[in-house]
Amino acid sequence: MTSDVLPGPVQETGEIFDVTRLGEYTQFTVVAPGVARGFKPGQFVAIAVGGRDTSMLLRRSFALYGVQPGAEFAGTIQFVVAAKGGGTEWLLRRQIGDTLDLVGPLGVPFPLPRASVPAVLVGGGYGTAPLLPLAQVLLAQGSDVEMIVGAATASRLFGEMQAKRIIGKVTVTTDDGTAGQRGWVTDPLPSAIERLGAEIVYACGPMGMLRAVGEVAGAHAIPAQVAVEESMACGIGVCMTCVLPVRDGDGVSRFVRSCVEGPVFDAGRIRWADVGTVPADLFGADGN
Amino acid sequence: MTSDVLPGPVQETGEIFDVTRLGEYTQFTVVAPGVARGFKPGQFVAIAVGGRDTSMLLRRSFALYGVQPGAEFAGTIQFVVAAKGGGTEWLLRRQIGDTLDLVGPLGVPFPLPRASVPAVLVGGGYGTAPLLPLAQVLLAQGSDVEMIVGAATASRLFGEMQAKRIIGKVTVTTDDGTAGQRGWVTDPLPSAIERLGAEIVYACGPMGMLRAVGEVAGAHAIPAQVAVEESMACGIGVCMTCVLPVRDGDGVSRFVRSCVEGPVFDAGRIRWADVGTVPADLFGADGN
Amino acid sequence: MGTPTVDISTSLASFELPNPVLTASGCAAAGRELSPFFDVAELGGIVTKSIMMKPRSGRSTPRMAETPSGMLNSIGLQGPGVDSFIEHDLKWLHESGARTVVSIAGHNTDEFVALARRLYDQPMDLLEVNISCPNVENRGQVFACDAIAATRVISAVRRAANPNVPIFAKLTPDVTDIGYIARAVAEAGADGISLINTLLGLVIDLDTLRPALGGVTGGLSGPAIRPVALRCVWQVHQAVPHLPLLGMGGIKTGKDALQFILAGASAVSVGTAVFHDPTAPIRIIAELSDELAARGFSSLRDAIGFAHLSSEQQAAYFAAQTAVPVGR
Amino acid sequence: MGTPTVDISTSLASFELPNPVLTASGCAAAGRELSPFFDVAELGGIVTKSIMMKPRSGRSTPRMAETPSGMLNSIGLQGPGVDSFIEHDLKWLHESGARTVVSIAGHNTDEFVALARRLYDQPMDLLEVNISCPNVENRGQVFACDAIAATRVISAVRRAANPNVPIFAKLTPDVTDIGYIARAVAEAGADGISLINTLLGLVIDLDTLRPALGGVTGGLSGPAIRPVALRCVWQVHQAVPHLPLLGMGGIKTGKDALQFILAGASAVSVGTAVFHDPTAPIRIIAELSDELAARGFSSLRDAIGFAHLSSEQQAAYFAAQTAVPVGR
């Protein structure tokens, strides 16, 4: 795994270049050369919502994909938004030509293998988004890549077309069987790992899915690098709201900030069962 | 003076039909049949600002004019907005087709003479607005009407063209002489009163101007009906923020709500020098 | 939402209400000004502006300043005095068929007692004792900031008031330990507690370079204070679990009201939101009912204090419900 | 604005600052994460997150909930312990040339004393004593809620700390009388006062029907609390007019900062606003300077507590200024 020194995040005002509805999601393309410049797959952008005089104080985070540092859409970023509460609904009312206040790129990207290794990518819902540029990078490295994308229902699938275009094929699952095979992304995962002889799994999606993906990878004795989604007040590492209990190399578990030390973690290091608690053996638990 | 029983205020959503820049002001025409129906000159509308998730909790008030209960612009209202802070700036970013959340018509209108009497109307800045429909009503009653409009500078004048169209002529003053005669609206007022043999003065504008107009009218032993602009939290009479010390018929002074018992008052009854204090002889001052 | 109907009736001690949404004292005058917007008899009740014995002019203007998601006010309890209030306001409310909560305020214990006596035979459903106002006998310290002063007023009012009318003590959040004050007024005989009154705040006017309000400081209300209000309801529900609470502070929607119910309030008052939306109280009744139904509650009473239950207790409740919860 | 330049230097006791804008404890970590956005040495100072003797994991997640114009947090003072803090954080700050305010927190008086000793020789400009945290020796009551506990900590820290480093007591607004607490810590030897810490609040999660935060209650910060913060600064300036105050609570703009200065603060901390806008502190320096100039002040120091002056005193000040005030 390599660990590049990245250019730091920047704060910039980006103009919305395109807004496209994709099923239940909306894809934004925004001119933001500063954010685009430093980007690596797995990173995210934090966006101010609500405009002047808003009561919504905190930025909202979105995984980046489709970043074009050069070429036709020079200096643009793309991200996809699902309606949730006031912040995303405000974003969904923005139009082409409106501007957004952005901070990014933020977070640690997916670690890349030094050489080409076969990899399975697993995306749940809009969690597929950051896996698309990752697939491109892996393919460019000469890695064999398979991708599984899943969602509760067909309209919540994201990126299966792009994935197909990039990789050539894609496996789709939905909980209700409205698209692809009925079931969870973890159903076709073992055979994909085996078929490909995969040495790594990458995943992004809901916590429950990431945990399950981590378990499947573990059962195959390969690592899973997963991008989590924790509630974040600052996104830049100063507030300590976004922590997860993570085991480090020498076995000590700590509360680790998922905004600057994540959002990508080795699934095997996250203490999934202890999320939302303070396990007694956590570093500093006795200092409370 | 007649005192009609008015239909109560309504809350309704109005669509913006037109937005026109007029000097430093912006005129809004909004489709709002419920507000338009009950309207009488001197009343105002309270508008929610900032949209969903705004931090601005209180409505902003604007004097109504150009209300068209029938005819071509059926059920529309007009008001004019001057940029001040967050609320008016939000309004000034609204466009044709956007909707506004309105409550109105609010307040006591200008009392009308039973028969035709000569009247001078005095407007300061956007305070001219409510005098325009008043002039129309007075003229329709057969009253002789003169109008004086003033402002600090030419770009802050409002309604002098409409006034001219309605009345035939208008006297203009500006503090800096950039339009009309240099000076205050009270400079040409005495001669207007005398020329016309006016029996009443109507005015709307800043507090200092209203006080001065009241004094000139008083010196001519005629009443001045003035529309004040007090800071209002509710606009509908439930909160008691908008009070002025006002002397009533039997000489007792009280704190009176300018939203429901005003905004139009007999200038002679307002205790101008005591605004912002609790005069010792005010009704209930000893109960504090 | 085509959800099953929920029984939203509730009670504040012996006062039975068909629904749990009232106005807040000082934010609806005595109801009349709201009648162009809706029928005041449809609300859980109208809480009138705190009334004192004598007419009172209140503070000098400016009396309000808008703040982020809130506002400051310094009205200073302007009012016509209890006699005029009875003759005009209470009469109007009675004729309108509105359920009525009368809020009283006094300079000292005697004035509170005199008010309770004067109102003894008047038509009303509940007496709210606003002890979040200054006590002239103790250097103007607010009664509800001092357990002893609060106790004295509440026990005296309880003795003086009509025994058929429940009395609620209205508390200020500006204290070190609101649970302690709540226990004190409960022991003094309060039948329930209203909370919270406004937080003391200040704004500087950047044009005059002086405090924006004529009264220098003022009371902060609106959604800005909602988390503080919810914390107070939570703590007071734990301190005096047997007492009914009338919760308020920044309620704008049915969802906001539901938070107060879950935290332990039996009913809610809607204050500052009325200034923004005169129909807010009536809208919130319907919204709250929908929110309860969507979460599988068959009655509002079941939801009171529900957030204090463990996840297991909560699950057991829903398992025992016959109605299939919608959206859970 | 092409306004005359204003001298915006200020001081917090013996700590001299070129400008009055600092970060707030817990809202800037130890400064390093802000360095991609601006040079931390340009600020009035960095106030570090409250540090304790031992490493501390803090509370369980969820640790935050957004509220109208504010947020609740329940971090629970997660931190690496003072040794690691000195070795990594303080060292980095020193090397960066940042003026540094170290915030300390303890479970009991002894821990505060141990921290003051451990930090005796470390490079820092001011010690902020966060007594708005629970005292394990008194049923978890917050030190700053109890004048005696507060006094004990402050006098012990004043004795133990390097005499060349001023110490500021950081107070909570959740008390009945903040002026009283301020006088107590002043008598105990505090060289100044930082205020306010967060207000205790609660939010109910309407999906889980339980408190939204892992820690049940949390601290409310952001513009929502600004009027409360300004009121506290106003009251404490009146209670201890000779003590310098570091004001904070909801500051987002230069105008907000100016309100605090006029109310009596010698400098301000910017907290939650950093989460929305990482460059807020540096932006606010320039904005504040412009706002002062536009009102005819020739120096920031002249504006400190200016809102307490009568209109006549204010007019006399401006009349004596040689510079022609812009926009007045």
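Letters are used for the chains, namely A, B, C and D, taken in the order the chains are written, and counting of residues starts over at 1 for each.
Convention: a contact is a pair of C-beta atoms (placed from the backbone, for glycine too) under 8 Å apart; a residue touches a chain by one contact, two chains touch by 3 or more.
Predicted model only: the values in this text are computed from it and were never measured.
Set side by side, A-C and B-C show the greater C-beta contact count at B-C.
Averaging C-alpha coordinates per chain and comparing to subunit D, the farthest chain turns out to be B.
Subunit A and subunit C, compared by their mean Cα positions, are separated by 46 Å. Rounded to whole angstrom, the centroid-to-centroid distance between subunit A and subunit D, based on C-alpha atoms, equals 36 Å.
Centroids of subunit C and subunit D (each the mean of its C-alpha atoms) stand 34 Å apart.
Residue positions 55-56 of subunit B are each in touch with at least two other chains. Those residues of subunit D in touch with two or more other chains are numbered 68-70, 222-223. Taken together, the touching pairs cover every possible pairing of the chains.
Those residues of subunit B that touch subunit A in the shared complex are 50, 52-56, 86, 89-90. Contacts from subunit A toward subunit D in the complex involve residues 8-11, 48, 55-59, 101, 103, 230-231, 233-244, 254-255, 260, 275-278, 282-288. Here subunit B touches subunit D in the complex through residues 55, going by the rule given at the top. On subunit D, the positions that touch subunit C within their shared complex are 65, 67-70, 72, 145-146, 174-177, 199-204, 206, 208-211, 216-218, 220, 222-228, 230-231, 234, 250, 255, 258-259, 262-263, 291, 295, 306-307, 311, 314. In the complex of the two chains, the subunit D residues touching subunit B come out as 68-69, 223.
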